[in-house]
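Letters A, B, C, D and E mark the chains as written, and numbering starts fresh at 1 in each.
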Amino acid sequence: MAAPAAETGPQTASATAPGAAREAIRVEGLHKSFGPHHVLKGVDLTAHEGDVIAVIGGSGSGKSTMLRCINFLETPSAGRVVIAGEEVRQRADGTCADRKQIERIRRSLGMVFQSFNLWTHKTVLENLIEVPVHVMGVPKAEAVERAMALLARVGLAEKAGAYPAFMSGGQQQRAAIARALCMEPKAMLFDEPTSALDPELVGEVLAVIRALAAEGRTMILVTHEMKFAREVASHVVFLADGLVEEQGPPERLFGAPQSPRLQQFLRSVG
Amino acid sequence: QTAVKVGIAAEAYPPFASQDASGAWVGWEVEMIGAICAAAELTCEIVPVAWDGIIPSLTAGQIDAIMASMSITEERMQTIDFSDKYYNTPTVVVGAKGVEMAPTPEGLAGKIVGVQVSTVHQAYVEKYFAPTAAEVKTYQTQDEANQDLVAGRIDAIQADSIALDAFLATPEGAACCEVKGAVADDPAILGLGVGVGLRKGEEDLKAAFNKGIAAVLADGTYDKITAGYFASSIYGN
Amino acid sequence: MGPLDLLALSPPGWGATLLAGLWNSLLIAVGAFSLGLVLGGLGAWGKIHGGPVTRDLLAMYTTIVRAVPELILILILYFGVTDLVNQVLIAFGHERIQISGVAAGITVLGVVQGAYATEVLRGALLAVPPGQVEAARAMGMPPLLMARRIIFPAMLGLAMPGLSNLWLIATKDTALLAVVGFGELTFATRQAAASTKAFFTFFIAAGVIYLILTLLSGWVFARIEAWARRGEPRNAGG
Amino acid sequence: MRAWLQPHRIALGLIGLGLVIWCATTMRWDWLPKYAPMMAEGIWRTIWLLVLSSVLGMALAVPLGLAQAAGPWYLAAPARVFCTVIRGTPLLLQIWLFYYGLGSLFPQFPWIRQSDLWPILRQAWPYALLALTLSFAGYEGEVMRGAFKSVPRGQLEAARAMGMPRHLILWRIWLPQAVRAVLPTLGGETVLQMKATPLVATITVVEIYAVASRVRQDTFIVYEPLLLLALVYMLLAGAIVLLFRQIETRGPQVRRPG
Amino acid sequence: MAAPAAETGPQTASATAPGAAREAIRVEGLHKSFGPHHVLKGVDLTAHEGDVIAVIGGSGSGKSTMLRCINFLETPSAGRVVIAGEEVRQRADGTCADRKQIERIRRSLGMVFQSFNLWTHKTVLENLIEVPVHVMGVPKAEAVERAMALLARVGLAEKAGAYPAFMSGGQQQRAAIARALCMEPKAMLFDEPTSALDPELVGEVLAVIRALAAEGRTMILVTHEMKFAREVASHVVFLADGLVEEQGPPERLFGAPQSPRLQQFLRSVG
């Protein structure tokens, strides 16, 4: 399937555009099918530098799939992705054409998976320094220092030498967040980064994300916690049925939702 | 003088050809190679080759002749050439002591006969004894057949008398078994003996070997070498 | 002569011959196993990630090479191919060449080992949880680095038993090289046994040597496996 | 069906066909009629030795692997020793020990010779089957040990938490997942087992390889019988590969990242 | 280590005891160490039939470990567990002594894992009917019918034939809940059963749990969502540092927390 020209319809999105801020991530006309199952049906999304975009939506609505398409872990069936003004080159079948390019882009996009995906044969510390040391060429001592600082920040300093399989769910999730941060990426993709965390730690993560945003880093995060979304996001996107059903600043979306779908979705939050 | 590479089987086959612990090749056949080559005015070099590779080595030209106790048979003559025979040992049947049997189809009726695979003895047993025997078992080596005879799982074995004499000289062989007699001759199978294996079409080399064999037989070298290993001549008749 | 005299290190004992055979066996086994690992790694990668043509060619490789007895392969390579090459060379007025029997043997054994290793590694590769690879990919690791630092360690635990089987088979399959006139342990054993008629002594001696070799390499393989599995909790009894 | 008609497959098929025709026309096959019945018998013997020893061996390998992966020490240690000894000594030696060692003890007891078992014990195939089975069990016990260990702990905990009895966990959760992980290895080991069967010729069990060797020794024709043997083995190996691929494609396909 | 006699100290717990209701689950003096790491330091907990006990606490405080000790997935270092009046027989080293007994008890305790642990080689439907059909002897047709009804209830009817690896996080979690329910257990142990669910589905799960409680089934659930805990629980237990720091009815615990630890913990919920 060839990528259709980006459509500009009512769903086209542009996260609050304060003129000066440059585009960090843009997704245009993103489609994704798994066999006969059409999951994403033309998603458009733009994130500017320093934006924190919260993606909400029902289970199975394609949030994770969208995140995974942005860094081409999943090959889009159609559509294009532009990161920091650079379009990811694709072949006719949608796969990325330039390995070096996508690797570089991925290194600028930290990702925290819904299922953490920590490397089981490496300790937490080794998980953190793996990419900085072996891909980005950071001297080991420096990487360890940075990693230990991050681990301390998420309250895992004394688990640095533990293997992931012997840690609690929340500990694994924090380690996964720290691993993504350790690369010092320009933008971050978080897939439900607080699902296994207690309220105290959620507050911690919130603080981390705010600090990152203040530094000008861009973040897209999928979350089920509306409270968290409201507090952290500069822009909220509601995904339903493979399309962006509604989007806007959190106050408007949570305060005065327009579409019946979103109203229904938020009703249960109470 | 022409240089000839003579292949021998790398697997030991005492007393014809075997390696001693220091790696030197010794045995009746090894001495005979020297004698025949000298008589045929050939400069021979001995090249040990594993049995599985000996024919391909010959056809691929890595060796020129084979002297490895290779029996001459009609079937093999379609693939390679043979010189005249240079030895042919009598064929005997050995069985357990105290069991009545004779080396004849009737005498072995209902018995289990063991024989080494792909030897003239196998051909002979399959032609004469198989119809009446209970079973013919084939072994990869003669030693294995001997062992099974000792163990009582077979009743008789047929092989050349040299191999069986050596076996009957061992304590376990002497304890269990005895020679039941020589089988009736069938020149088409047993009478061809052992010859030098040669590539097809190398008539000059064949003639040279034939000349050498005739010469050692005539001048007494053959008997002299044989006397060092065996009680009587093994040239056959 | 008693068994101990037969096994003495200097002639007429056969100990030195056996040990020299063992050394040769090890050389060939190491060569073949290493070649097999390289081929197996490439083959497994190709079978999983290659295109349809690559996959079909590799399927043929693993099926045919595993099916055809090594004896045939070595006869064809060592005699058939040499013969063919020589005929061509002579036709053009060149000298005959002679492939080294050992090189031919190692090549054949290595290619065969490679076919088995392909399947062992493919299974282990498939058993690596996709999330492990995705994490590496999402962080922009280049494929080779990812193969070395993430995939290889993650698949090692499962691949180890299969590979250790292959290694042990390699040490024993060296017997094949007798065909090209190379004396390794099995051949030396048979030689000694046939020459002295002390079959029992020598076969037991060879068995013991192999067993010691197995114990030693088993220890090494177990260490590697334990290291590879260091992050995995133990599956306690059901 | 259409999958078979891809250009490269047609090309490969033609090359293969060409090779077969070349072999059939330029090589010597006049020995074939004489040895054909023997070969048929040999093939049959190879097949049943292979099938029986693999099935029985696998049945032994599962407990051997399990004992080593998760058993108490008094089960793990003997299993470990068994696998080490079997893998550590040449199969030929094992066959010899069973047949010429163990097997030749029996005739020394008259009551065994008189018993109904003797006609079976006297023959070679029981020892061949025994040796091949134990050998397969030894190698596969090692493979299964790794396989059992590799099943993620959570999978078993889920079963335990639901009160599944141990044998059911083993049979329905642990074993299927363990076997899945090593199917390619097991397929390879089965092909190896096929190629190990010729060793039983040393104890007078004549299977296809021994027949081919005999043709070579009888006629001194080198390549033709071996090529025919290779063809037979390729067909058998093809059947094994297909069988394993069939099993592999049942159940979920592994999700391959991007 | 021999199990010490149950201590009765300030931490001893008894979930609201309305006289008539019988004890369903009792845990006494539960200790658990992983090597040198002492995780549970004497936890006491009692659940009566129909109780819904919410366990809250920081990440790594031992909530999952406690749940896993109840059905002996983890061998307690000390302490005893009584299920429906029947004490789990233990050997001197703490492991359960009677396999048949523990298997029977486990069948009466449905468990939903934090990491779902769906069987990867079985479809969702096969995951659900596995134990009913092969352990409890329910006829297959009946089990399938019940399973399909449960799947429909959690909104997964059309995923019945899918393998877990191809489903979204929330779908897996719902399948895991349905699998536990399919056994019709007398009590349920939930480890963060809503971590991957959107607000709508959380509401669904809430309804399911209420319905089960109304049938008299007992539930212990670990959760990070205080709102969920407040709504669903009849009794809340706050775990800190391996001990029950505070417990009581949700109104009291959330309304007027006593211990400074809990106050601090709840502050971040805001």
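By our rule, contacts are C-beta pairs under 8 Å (C-beta built on N, C-alpha and C of every residue); 3 or more make two chains touch, one makes a residue touch a chain.
Worth saying up front: this structure is predicted, and the values here are computed from it rather than measured.
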Which chains make contact with subunit C and with subunit E at once?
A, D
Identify the chain pair with more contacting C-beta pairs: B-D or C-D.
C-D
Using C-alpha centres only, name the chain that sits farthest from subunit A.
B
Whole-Å distance, C-alpha centre of subunit A to that of subunit B, is 82
What whole-Å value do you get for the distance between subunit B and subunit C if each is reduced to the mean of its CA atoms?
37
On a C-alpha centroid basis, what's the spacing between subunit D and subunit E, in Å?
47
Between subunit A and subunit D, what distance separates the C-alpha centroids? Give it in angstrom.
50
Shared-contact residues (touching 2 or more other chains) in subunit B:
56, 59
Send over the residues of subunit D in touch with two or more other chains.
153, 160, 166, 222, 255, 257-258
Set of subunit A residues in contact with two or more other chains
73, 115, 165-166
Along subunit E, where are the residues that touch subunit A in the complex?
34, 56-60, 64-65, 114-115, 155, 166-171, 174, 192, 195-203, 224-226, 264-266, 268-269
Contact footprint of subunit D on subunit B as seen in their complex
55-56, 59, 73, 75-76, 78-80, 114, 117-118, 123, 137-141, 144, 147-148, 150-153
Spell out the residues on subunit A that touch subunit C in their complex, using ranges where they run on.
71, 73, 99, 102-111, 113, 115-123, 130-131, 134-135, 163-166, 180, 183
Please give the residue numbers of subunit C that touch subunit B in the complex, ascending.
11-14, 16-17, 71, 75, 78-80, 82-83, 86, 96, 98, 178-181, 187, 190-192, 194-195, 197, 199
Touching residues (chain side subunit C, partner subunit D) in the complex
48, 52-53, 56, 59-60, 62-64, 66-72, 75-76, 79-80, 115-116, 119-120, 122-124, 126-127, 130, 133-134, 137, 157-162, 164-165, 168-169, 172, 186, 203, 206-207, 210-211, 213-215, 218, 225, 229, 232-238
